[in-house]
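Letters A, B, C, D, E and F mark the chains in the order given here, with residues in each chain numbered from 1 onward.
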Amino acid sequence: MFLRIDKLPVELPQSTKVDPESAAAVQELMGGRFGEMSTFNNYLFQSMNMRGKKQLGPFYQLVANICAEELGHIQLVGAAINSLLNGPETDVVEDGDEYATGTPIADLVGGLNFNPHHFIAAGRNSLPVDSTGAPWNGTYVFSSGNLILDLLHNFFLENSARTNKLRVYQMTKDPAAREMLGYLFVRGGVHRDAYAKAIQKLTGADLGKMLPIPKIGNEVFPEAKKYMNLNSHTKLYRFSPDDYRDIGQIWEGPLPEGGVAEVVDAPPTEKAGDHVELAGIGSAFAPDYHPQEVFEMAQQLYKSAKR
Amino acid sequence: MFLRIDKLPVELPQSTKVDPESAAAVQELMGGRFGEMSTFNNYLFQSMNMRGKKQLGPFYQLVANICAEELGHIQLVGAAINSLLNGPETDVVEDGDEYATGTPIADLVGGLNFNPHHFIAAGRNSLPVDSTGAPWNGTYVFSSGNLILDLLHNFFLENSARTNKLRVYQMTKDPAAREMLGYLFVRGGVHRDAYAKAIQKLTGADLGKMLPIPKIGNEVFPEAKKYMNLNSHTKLYRFSPDDYRDIGQIWEGPLPEGGVAEVVDAPPTEKAGDHVELAGIGSAFAPDYHPQEVFEMAQQLYKSAKR
Amino acid sequence: MFLRIDKLPVELPQSTKVDPESAAAVQELMGGRFGEMSTFNNYLFQSMNMRGKKQLGPFYQLVANICAEELGHIQLVGAAINSLLNGPETDVVEDGDEYATGTPIADLVGGLNFNPHHFIAAGRNSLPVDSTGAPWNGTYVFSSGNLILDLLHNFFLENSARTNKLRVYQMTKDPAAREMLGYLFVRGGVHRDAYAKAIQKLTGADLGKMLPIPKIGNEVFPEAKKYMNLNSHTKLYRFSPDDYRDIGQIWEGPLPEGGVAEVVDAPPTEKAGDHVELAGIGSAFAPDYHPQEVFEMAQQLYKSAKR
Amino acid sequence: MFLRIDKLPVELPQSTKVDPESAAAVQELMGGRFGEMSTFNNYLFQSMNMRGKKQLGPFYQLVANICAEELGHIQLVGAAINSLLNGPETDVVEDGDEYATGTPIADLVGGLNFNPHHFIAAGRNSLPVDSTGAPWNGTYVFSSGNLILDLLHNFFLENSARTNKLRVYQMTKDPAAREMLGYLFVRGGVHRDAYAKAIQKLTGADLGKMLPIPKIGNEVFPEAKKYMNLNSHTKLYRFSPDDYRDIGQIWEGPLPEGGVAEVVDAPPTEKAGDHVELAGIGSAFAPDYHPQEVFEMAQQLYKSAKR
Amino acid sequence: MFLRIDKLPVELPQSTKVDPESAAAVQELMGGRFGEMSTFNNYLFQSMNMRGKKQLGPFYQLVANICAEELGHIQLVGAAINSLLNGPETDVVEDGDEYATGTPIADLVGGLNFNPHHFIAAGRNSLPVDSTGAPWNGTYVFSSGNLILDLLHNFFLENSARTNKLRVYQMTKDPAAREMLGYLFVRGGVHRDAYAKAIQKLTGADLGKMLPIPKIGNEVFPEAKKYMNLNSHTKLYRFSPDDYRDIGQIWEGPLPEGGVAEVVDAPPTEKAGDHVELAGIGSAFAPDYHPQEVFEMAQQLYKSAKR
Amino acid sequence: MFLRIDKLPVELPQSTKVDPESAAAVQELMGGRFGEMSTFNNYLFQSMNMRGKKQLGPFYQLVANICAEELGHIQLVGAAINSLLNGPETDVVEDGDEYATGTPIADLVGGLNFNPHHFIAAGRNSLPVDSTGAPWNGTYVFSSGNLILDLLHNFFLENSARTNKLRVYQMTKDPAAREMLGYLFVRGGVHRDAYAKAIQKLTGADLGKMLPIPKIGNEVFPEAKKYMNLNSHTKLYRFSPDDYRDIGQIWEGPLPEGGVAEVVDAPPTEKAGDHVELAGIGSAFAPDYHPQEVFEMAQQLYKSAKR
């Protein structure tokens, strides 16, 4: 079972403009083969399917616990995409009928053809697809039942995910996107190192010698450096009220790129941020009606509930 | 962000035999268009994407909160599939080399051709696919940005999910599978009713008059009746330490099939159960090595951690 | 625009038993790459897209007219699949609650695992998928804008469709399936010959010399011979109240396998048959409720309409 | 069986320029999950598969009859796409060899990269794909065998289709595209209301209270208003020479957005229009040869036929 | 450029019976995510795309050379599938018309429903699909441009391929299938070790310590042991008349599971075998006509060529 | 088995600029339904699967031999795509850290959104996808077991491939792309004519009368004319050290568009060219490290090997 906390892992700054081209690129980190839906679902299925959960103790707990953190990463990528598709406006906009028949939306926001579904299907919001618009699918999940092979897969997955993120960083200058990327460079690095440590414990092979892939350190990126200054790159957070207490048997000792592994017995709520606020927009008929109306309805609901 | 509790929503009985045919059918409820991966991802994207999260208060919270419960349903379906693929054995089995070259596995378990990936890809475990083996994919997510339309979709989704579950119930007599089904008949009914109530609050349309679809009550099924006796069909659990406190503004009043809606301020841990234990099996080379070995390694890790 | 006549092209006999294995095989002729959805959609898009519809007169009309006939072939394949999935019963069956919790349906009908969606998704009815359960999709449509190439494609398509049908014939002995096949052997032969004639008119190449592919005549099959005795293999029917009057400029002269081409100015209604009657069944919760109920509602509707 | 009338439901004006960006967007209404291929195929499979066709009378007839109208809608969307990809020219253009090696086509028509298959695969014509280029596929068909659930699906489908159409309206100002959209806003509204009425007859639930979704009336759009002035929004046409005579038992009484339901015993031929004429173009080697040649061949065929 | 030698890498024994169930399972090694089409295409794209082919010398050559060997592995897997689908018969069979209308083929060969396309589409031959019938596709290719990451991927790929092969071994006892498997266990082991060595040369990380995955040696399997006795597990063959002469800079030194790496300057033709002979069969209308006919035509062609 | 020669069939000139739009279009010829991956895989499976390989002699050899040539065509298309994505630079570029955080790459190279995977997944290299980014897949392979039908398919395939190539020619002016196209116009013409001859030998049908499709000769294109001047359009090369010696029984006599068929007993190495050199680039973290580093490592390997 899972619980939900109504926060993002970190707060994102406002996007400076509507930027559907960057939004389309960032989708790779959501629904691509090496995106956050993939990290989450791989670790979810592996933790469900693992044989000998009790005997394997810390190995099971490691995968199960990282799985929970990935859900917050999905949300963070989604928040960045939504920010890019809506820009700095957060109030209700375009109220009235004239927008419906007036200037085509493509002119207003500089082209929605990068992924037309961002407008037609989702009303300018994120989708479970990659940067080419292809939907995430279950063939991206690897859960072989063989523990060593699963861990090797996860190590490969985290390195590929990092490579994709580094390339998306170069495709956008948007502050919301780059903040998200900087944070995930660091947290993805922790997960990668954790799988390397698990393999070393079990087989003695030192995969840390291959790191980092690509050979450029996170500290080069100011948006990542800021989180390294808070030692985010050495901490494995425990995402559970009471469980997964043995992960420190794997997450301990020196790290491949410096620092010493440390387990923190709580999720990283200290830097947690509010959701990006999205304005109701008439041009997408979203949320519905003329956007003000549904908000008023909800208001009345509150009032009648208080009576 | 999400937290994880190392329990299943309810405890499943042992499967009485290895039953890959039933396992293949139950996959529909995992990775099918109307399976639990679909309910989870639909509500995840809708809650990420919703405009005016604050103004819409209880409507946002309702979707966000139900989303969290669906993760546990994914786990429960996965546990049932794993149980069906492994049968009653929970100890280490088939240790030694002779299994590798001996009687083909297909002879042992009565056919693995229902979904050959259950053996070849997953080592007799669950996969993110449907009953035909097709992978779950992102086109199953509907997140239009239009609140009324999203709620109508969710009402349709829950009714379709129920129809599929009823039909899978008829395709298996396995006690683990039917226990899972009985519980999900009841919990899916709560979600369906919640979306009907949300639509009625916003528009006045009474979709409850269509229910149940199909027109057979949950009480007909002994595995569901048992949970109705605990009033599970009237309770909306709050799956969050501190958030989603306004869902009672929607989840209140009489229910379409009887009873009165009630919000419970905690997840349903009282009936929560342990994970289904799965034996290490040599024939699938899972977890790895000769199965006993990796368990011993984990054992040593514990010991060295205690020093 | 299209009109619809509430008849099948020919009447099918009752299937002698529930036969989901044959039903799964026959699906290839519905949603396979060379199935009837493919012939219909290829000719629909080619006729929509053709340049110079007026100047090309008979060539446009040929494709547009054959397109209309293919819709009836989709219906005939669907009727055969439905017949195989339901067997000889046509009355309301399994009324009452006990079927819901009683013997699993798989035991009753000899295995539904050939395509589990036949039961779970469709309630024992046809689907737009092929014999492996893969959905029909738009990549099966070829519409290049180049008339010679499109006609060459259509000639290849009809020959491949025939090969698939001959092989499905060998996979079932069901009288409904074989009746459908016999009729479609003959009608598909007419379409194949028509495209060969169109190519010969335009280029002089005599593709008729390659026929039949495979080299076994339709007359070998009693279910086809019966329609050849009615000269169905020499007739091109005009499927339009008033249009497509120039197709006789292409469909004329001797045919590759004997006989002389003849245009008939009406669809083949003389042998048209009623739809296969399908019982309401409780086990699939179809049509809904306990099956009798919805029939009674419809009855009342009639009565109140007559008042 | 179906017949074909060589007309479009309404006549489209000429597009004012070649506009491949708009054409790519309009494809959503052809091959998207909620496009016209989906409405047609859903109602085709539901009408083929319905149990108790005779007992359910008007419900069966309603679905079967609307199915036939959708074929004309596919054609209308296709005509709009073809118009956008070809612009106002209708004569033979680009005849001669020099176009083959001269200025790249992309420069001439302002970018063909929105959907490169529009040029490479289709020679500047429509395709069975959506706005991202993904092919239509059979998973978009819902045919559960449960009548209430199928009708609920259809109501959801029609509302989603309308939302997509409203959004595409905002993405283009082309007169051919907007004329098509205006007409389909109105006709789609009739189908949506018909399914709402069918559900109300069977269950009493009043889904009309939710309408319109999104909450903007068709009358706001001049291209739709013009058809409302002809009462097109209150008429259900009977698309059959002799059948489906009981649909008036459902399509009767007041409509959710005003007016009174009325059955018309013929298809709407009074406003039917000619197909959009498409020039032969050399750059796409379409229809073939130097475009003039194949036209001359067809000409000769006519002459020889008259002898 | 590539040249082709009309031999298989090794000779396969006859299958003892028609065994479509095993054939369906073996397809995983052809068109599955970790099958031979994947190894070939991964190394083909990586070798085409590699930057600095000259500067990277032996690394480029290693990937390019292994790529060529994988083509022979595709052929060997295909030969095993064809053998399983046809059994021991190699003469022309089922000549005459009676097979066409006689006993359904499914009865004769014990069920073709494991993958119905084996009969309907391919006439009892191999297909580019996996064990569930899903087609191989290009998303299985990983070519990132980053050399370390590509090599890590290849190491993961070879280990996953081995795991799948071990599991398929357990699903069949057919001598042709097991001979193919034994040979590929050994050759795949060489490729896996070669990628481990390349990574160690570049980074120092010793991945050999993880091997074998799963932890069962090839020598346990008699069909593999036989090739180990010929030292096939220590040899890297050079698959080129004149190129790839520097691979010995990587393939040298002791091997993880014993023995010393050795480069052989020629492909392994000494054990190469003839293709599996497949009878012409009437029931699949393959090759065509009554099967004897096309053979006679080819015969005449020979004779006239000799004149 | 296959051997590999480390050359391209012909040498390509440098691209004059980075041109990701053209690169995206050229991908159709790699991974599209009628691209070179399709020609190769069709002939590979047909030659593996052919029944009576010995009796059918020259027909088998023809398909097997053409198959080998297609591998070189895949490489040539890949080289053109890589050239377009990298432009004229061949030295190491962008070394240092500043590129990582500096100007987004999209600004530098004029938009990478045509296929974002070209940058994110492949580091500016080719992929096994088509012009819309959809992956090549196994449904593009047709291998029916019926020889006549397979040959008819191949004739259709080669004509469709030519049509696509002609259209891509019009979408780019890049010299590398057009050189590749000119060569493939000619070689594809040979394969098309060879299949036409094979069909005529077997059935007498003269498909040559339909050619060329589209009706524009290769000689119109200067990049093709140059190879026709070398008689490349009349030569069938034998791609094998010792096999396929009977193909001259089919490839003989006059050709549809002029000239006389001639077999050449060796691959066309006289015009073979070096691979396109690709610079290491920092912005894609390719090959890895700062690009210079990995080159230096390889250098050291050489030196140590020489000791």
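Assume a residue touches a chain if its C-beta (ideal position, glycine included) is under 8 Å from a C-beta of that chain, and two chains touch if they have at least 3 such contacts.
Keep in mind the model is a prediction, meaning the values are calculated, not measured.
Student: Report which of A-D and E-F is connected by more C-beta pairs in contact.
Tutor: E-F
Student: For subunit A and subunit F, what's the span in angstrom between their mean Cα positions?
Tutor: Measuring from centre to centre gives 39 Å for this pair.
Student: Can you compute the centre-to-centre distance for subunit D and subunit E, using the mean CA position of each chain? Integer Å is fine.
Tutor: Going by mean C-alpha positions, subunit D sits 48 Å from subunit E.
Student: Would you pick out the residues of subunit F that each touch at least 2 other chains?
Tutor: Only 121, 123, 133-134, 139, 144, 146, 148-149, 163, 213-215, 284-286, 288 qualify.
Student: Touch graph across the chains, line, ring, star, complete or other?
Tutor: Basically it's none of the tidy shapes, so other.
Student: In the complex, go through subunit D and note every residue touching subunit A.
Tutor: 21, 24-25, 28, 32, 114, 130-134, 163-164, 166-173, 213-216, 220-222
Student: Please give the residue numbers of subunit B that touch subunit D in the complex, ascending.
Tutor: Answer in residue numbers: 33, 139, 142, 144, 146, 148-149, 152-153, 155-156, 159-160, 163, 199, 203-210, 213-215.
Student: Could you pull out which subunit A residues touch subunit B in their complex?
Tutor: 1-9, 31, 37, 41, 44-45, 48-59, 64-65, 67-68, 71-72, 74-75, 78-79, 82, 92, 121-129, 135-139, 141, 143-149, 201-202, 239-244, 246, 248-250, 267, 269, 272, 275, 277-281, 284-288, 291, 294-295, 297-299, 301-302, 305
Student: Note which residues of subunit B are touching subunit E in the complex, please.
Tutor: 97, 99-101, 104-106, 112-113, 115-117, 119-121, 123, 133-134, 283-286, 288-290, 293
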